[in-house]
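Every chain is named by a letter (A, B, C and D) in the order it is written, and numbering of its residues begins at 1.
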Amino acid sequence: MTLTNGYEQSDREEKLNILNLPSLEGEAKKIIPTGGFGYIFGGAEDEWTLKENTQAFNHAQIVPRALSNIDHPDLSTDVFGLHLKTPVMMAPTAAQGLAHAKGETDTAKGVAAVGGLMAQSTYSSTSIADTAAAGNGAPQFFQLYMSKDWTFNESLLDEAKKAGVKAIILTVDATVDGYREEDIINNFQFPIPMANLEKFASGDGKGQGIGEIYAAAAQKIGPDDVRRIAEYTDLPVIVKGIQSPEDALRAIGAGAAGIYVSNHGGRQLNGGPASFDVLADIAKAVNHQVPIIFDSGVRRGSHVFKALASGADLVAFGRPVIYGLALGGAEGVQSVFEAIDHELEITMQLAGTKTIEDVKHAPLTHFQYND
Amino acid sequence: MTLTNGYEQSDREEKLNILNLPSLEGEAKKIIPTGGFGYIFGGAEDEWTLKENTQAFNHAQIVPRALSNIDHPDLSTDVFGLHLKTPVMMAPTAAQGLAHAKGETDTAKGVAAVGGLMAQSTYSSTSIADTAAAGNGAPQFFQLYMSKDWTFNESLLDEAKKAGVKAIILTVDATVDGYREEDIINNFQFPIPMANLEKFASGDGKGQGIGEIYAAAAQKIGPDDVRRIAEYTDLPVIVKGIQSPEDALRAIGAGAAGIYVSNHGGRQLNGGPASFDVLADIAKAVNHQVPIIFDSGVRRGSHVFKALASGADLVAFGRPVIYGLALGGAEGVQSVFEAIDHELEITMQLAGTKTIEDVKHAPLTHFQYND
Amino acid sequence: MTLTNGYEQSDREEKLNILNLPSLEGEAKKIIPTGGFGYIFGGAEDEWTLKENTQAFNHAQIVPRALSNIDHPDLSTDVFGLHLKTPVMMAPTAAQGLAHAKGETDTAKGVAAVGGLMAQSTYSSTSIADTAAAGNGAPQFFQLYMSKDWTFNESLLDEAKKAGVKAIILTVDATVDGYREEDIINNFQFPIPMANLEKFASGDGKGQGIGEIYAAAAQKIGPDDVRRIAEYTDLPVIVKGIQSPEDALRAIGAGAAGIYVSNHGGRQLNGGPASFDVLADIAKAVNHQVPIIFDSGVRRGSHVFKALASGADLVAFGRPVIYGLALGGAEGVQSVFEAIDHELEITMQLAGTKTIEDVKHAPLTHFQYND
Amino acid sequence: MTLTNGYEQSDREEKLNILNLPSLEGEAKKIIPTGGFGYIFGGAEDEWTLKENTQAFNHAQIVPRALSNIDHPDLSTDVFGLHLKTPVMMAPTAAQGLAHAKGETDTAKGVAAVGGLMAQSTYSSTSIADTAAAGNGAPQFFQLYMSKDWTFNESLLDEAKKAGVKAIILTVDATVDGYREEDIINNFQFPIPMANLEKFASGDGKGQGIGEIYAAAAQKIGPDDVRRIAEYTDLPVIVKGIQSPEDALRAIGAGAAGIYVSNHGGRQLNGGPASFDVLADIAKAVNHQVPIIFDSGVRRGSHVFKALASGADLVAFGRPVIYGLALGGAEGVQSVFEAIDHELEITMQLAGTKTIEDVKHAPLTHFQYND
């Protein structure tokens, strides 16, 4: 353990023997301090949306296919001009120093090891440059929580561009902080500084609650912001936090190069639909104009399959990776991706799908079940 | 504690630190005597309708909206000629002396402090005049349980009018007392007098069961009663206890100035639908001819949002306020309203709705979930 | 307690203080010996149908009605040429000596006391004549389990007719005994003789399992049997155990004077639909050609209301009455009927229905709930 | 107990007193060693599909029929040119030596005793010839897990044909091993050799995990393989593991003489629909061109009835038989079949169906229930 500002950070570095991703939560809870763990796993209000995010995958079912004459499914995919070895990517996730002393640099290493895609968060514990460097040339995106202060935004975007990120993910579903009861119960304040905030007067996040940090963030975000960031960076801008066809089209109309369907893992608006349930309609509206990233609730290879078969081009997840990070550092992260990729590979073979493109065209059934 | 007729009443006066409203029930149970608590929280028969009242909010989901370019949502609303700072109002609720020595006067103070609307019940522990005075000029409605004795009704209406109430709420769903098993288990009789009943021979309620009190109430209530009360008072009459489009139109035909959709918090007819489930159809039938108040099962800001988006103009609740009253008096009541308003404000921001009028036009999804 | 063949029978005679009928089961379990109790409360196989029988009442909801201008609902009803003070009748139920030393004679007394209708079972513990005499002139029906031996059938029908029963209920859903696991677990054999079987060589049931008794019963039952019994007795024949429109029409075609919709309380075919779920379609097909009796799962006044509103003319139940019999003899039976009638009366008032005929025309909603 | 390679095998030989098949699992768990039991009862991933396989039978309900004038239902059926005394057959199930020292030879004896149909698995603990001989002339099918090595396939098919099997079941849903967490938890390796693998260099399975064994199996299986096996053996080839109308037609197009609807008891692709839910659509597409066998989740006579009424010609099950084998050897197997046949017989009588052909034409209702 590493002690930072009185907060005990894991410094484990080892491969994990993973039975399945849901079981990681209990393991991680043992080594991540209460406040940090509550921040990571908690959702908004009574966590109804958080819970339904995962349950909703049962609303669609994968059809086992036979006599398909395939073997050795190929998980690689080409999207956003990148060639990735897996359609599963790292969601932009804040403050990974809560889970591990090496924070995002270890996550980036682990993701690179599996040939995946890493997304850095504005609220990273490690700096854009450090995280980028840790990725060893593997592709990374940078997620922007837009500040009211454009100097700050531009400074971050400059740094991201300099670090070579391939796209900007603009988060638009966090214009106020969700009502996260775990953080209230724990009276949680960030014990670890956020590297990207350090140069600004508003503070580096340390000793602040999520509410105070978000207070510096812009509440008013509109189509013009998408345009402005795209023009400023000349990078593809992916709009994250879309949950309706209307907003997807509004984002595309504003120049979005990608749609990121997410409800922030149930951490923002509680009482909204499961993210998976809105995916198919959004994909239909987007109609392949731009690629779609999907997250919220993904824990199994079968979830990845169902999301791809419902219109996603990439599927992201956060919490399980953070748990892997806490339990094993970069190698732990790698283990988590390998575990879900392994499940996905089995699912692809049994569903008669040789490629990710095949998965995207695989039929799903929609029988109704009660659990 | 204040001891009245051997019944221990809370006399706390303090701001509450509220995590969420559902958690107040357990806290309140510790300080409200068993019989009083059973009367407050119990419903009819096996409480199926009571339970579904809250569960049914999951039948609709709020669509998180992005790129809406809004901030600082405004909870104020204009309805029934009043300007209110919140669309959440106090439901008319009987016998608040069961929860606190100051009863309805403290509730009125707390509601006034948040700029909300207070509704007095016929069966209040404190008198119409006292409760009105406690409200400090903030608007109040008076709810009438119609007696068989019109002299009594007119006397109450006179007093209410004199006290300056802005409207009469005529309750029509309590022509007999629901089968409330908690009261039977506790052999509950009101230990605290009901101020408005004191001047009548039938007694002030003290030492009576709810059945005895309702026995003095009219069982036969029809459209003519709505007309008669409207004419007598020359005040808007809002008909409370509507659960069908047919009855809403019947009430309007009889001159109702407002429709109050409610199943009495599951305390009257068990085996009926959740109040939220019938709201949209009623609103469609009412078609903005008169405003709609909604209650039954409301515990979250997201519930308020969903009710407004389904056709309500005001959203009422009772039990959580009573718990807040027991736990903190007028300040406790204020804390309860502030808590739900805070949740509502976050929900409005994340749903891209700047005003209550926006909320009323917000789309809902209707995916089916099992919990 | 009375000891009969080593079996302890209740001999209590007292009014019961009933909170609700479901709560009687636990009370009765304490005083009815294990084998007898298992026989009474158990259902077929894993009791899925038994459980759904009651749950299915949640598939329809009663609309609370307001401004109906009614009071004092009237539970009396005219059906099969009889004037009854309640639409709730006693279902034909076997071997009531398992619950009480006085058996069916006490049940008949209790039912008569509330002005209801009693149905005797072929497998009664007390004789047709004795049970009829106990009814004090109140109307009774006789239920026939058809034997392979027509001499036996005719002898029973002669006796029933002599005793003055108003109709014959022919049970057609028990051509083989359901797979009742409670009886297998308890290795249950009837400890108490069945009075109507005493004169026959096949034995009086004592020391036999239900399977042995059913073995003497006819397996082949068809339309001709309905005709034959109607002609032989010149009494109305009501066919019990109907669960489909097709069979209802087939029974009417064969001369049935009434349709008895029942799945035998979940004791026969497991894996079939809840009896309530099939009622409305059957009633539509019957189209008022003959009256409909309904049973299976009825435990609340609201269930009676929903069954009447779905097409039933009379609503029967058995187990709760047997529990009341065990706990209080004739007065216990009376208490059970009074309890459910009281719930029904409240429900009728709150649903704006003055008469049973009004209830039959009351609308139901069909929102979907998960519990 | 027999000790084989340190693994304790049951050697019980006795009739079982069976309450119901679900209760056998707990009994069997006591005598089958942990690893073996986990292999038998476990499913893929979180076993959602496994669990829904059985729950889904509640999606359809059997209509109790009355006045049908039938008795003594006849369970015999003619299919694939065979006359069978029961429509319930033994599913091909691997490695039965895990449950009993006599393995498949005892199973074959038990199945023969009830006049049923036995299917041998490629991965049997006993040899094709021995198992066939144990069947005493009763019909058997041979199930092929196709190897990459055609010499091996042909050798097995030669042996099967020589042993007189009536058809080949080609399993096509196991081109990779499902992600079975029980086996991972137990680090399970087969302690008992698989007789049919003994002559091959790749080993006899002993000391291998299921993954290693499947590694020798073919991953690429297509229509040509169906044709090739049919031509090589000149026997009917039944394609097992079909879950969609498309694949059923593809198999028939390739010469399949039968369709075996199965999801491998939830052991392969998790997240797919319950096998019962896909049956009716497949049967509609097959349209009686070839017979249909159904398995996955069958535990009750009512399940068999519902599967037959949804289009199956034969209904198979595995786990309950293996539990019966462990608990009572050949006689235990016989007891299991007798128990389910007994339930089926009762169900048939109460549903008014005299023959299996009647069952196939019986109506089902589809009311929606939540458990």
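We take it that a contact is a pair of C-beta atoms (placed from the backbone, for glycine too) under 8 Å apart; a residue touches a chain by one contact, two chains touch by 3 or more.
What you see is a predicted model, and the numbers here were worked out from it, not measured in a lab.
K.L.:
In the touch network of chains, how many steps separate chain B from chain C on the shortest route?
P.N.:
1
K.L.:
Quick check for you: after a Cα superposition of chain A on chain B, what is the rotation angle, between 0 and 180°, in steps of 5?
P.N.:
Angle of rotation between the two copies: 90 degrees.
K.L.:
How many angstrom between the C-alpha centroids of chain D and chain C?
P.N.:
Whole-Å distance between the two chain centres: 42.
K.L.:
Counting in whole Å, what is the centre-to-centre distance of chain B and chain D, each centre being its mean C-alpha position?
P.N.:
Computed from C-alpha means, the inter-chain centre distance equals 60 Å.
K.L.:
In chain A, what residues contact two or more other chains?
P.N.:
368, 370-371
K.L.:
Which chains touch, pair by pair?
P.N.:
So, checking each combination of chains, I get A-B, A-D, B-C, C-D as the touching pairs.
K.L.:
Can you list the chain B residues touching chain C in their complex?
P.N.:
Against chain C, the touching part of chain B is residues 45-46, 48-49, 51-52, 55-56, 59, 172-173, 175-179, 181, 184-185, 219-226, 239, 241-244, 246-247, 250-251, 254, 263, 268-274, 277-278, 368, 370-371.
K.L.:
Can you list the chain C residues touching chain B in their complex?
P.N.:
Its residues touching chain B are 19-20, 22, 57-58, 61-72, 300-303, 305-306, 342-343, 345-347, 349-351, 363, 365, 367-371.
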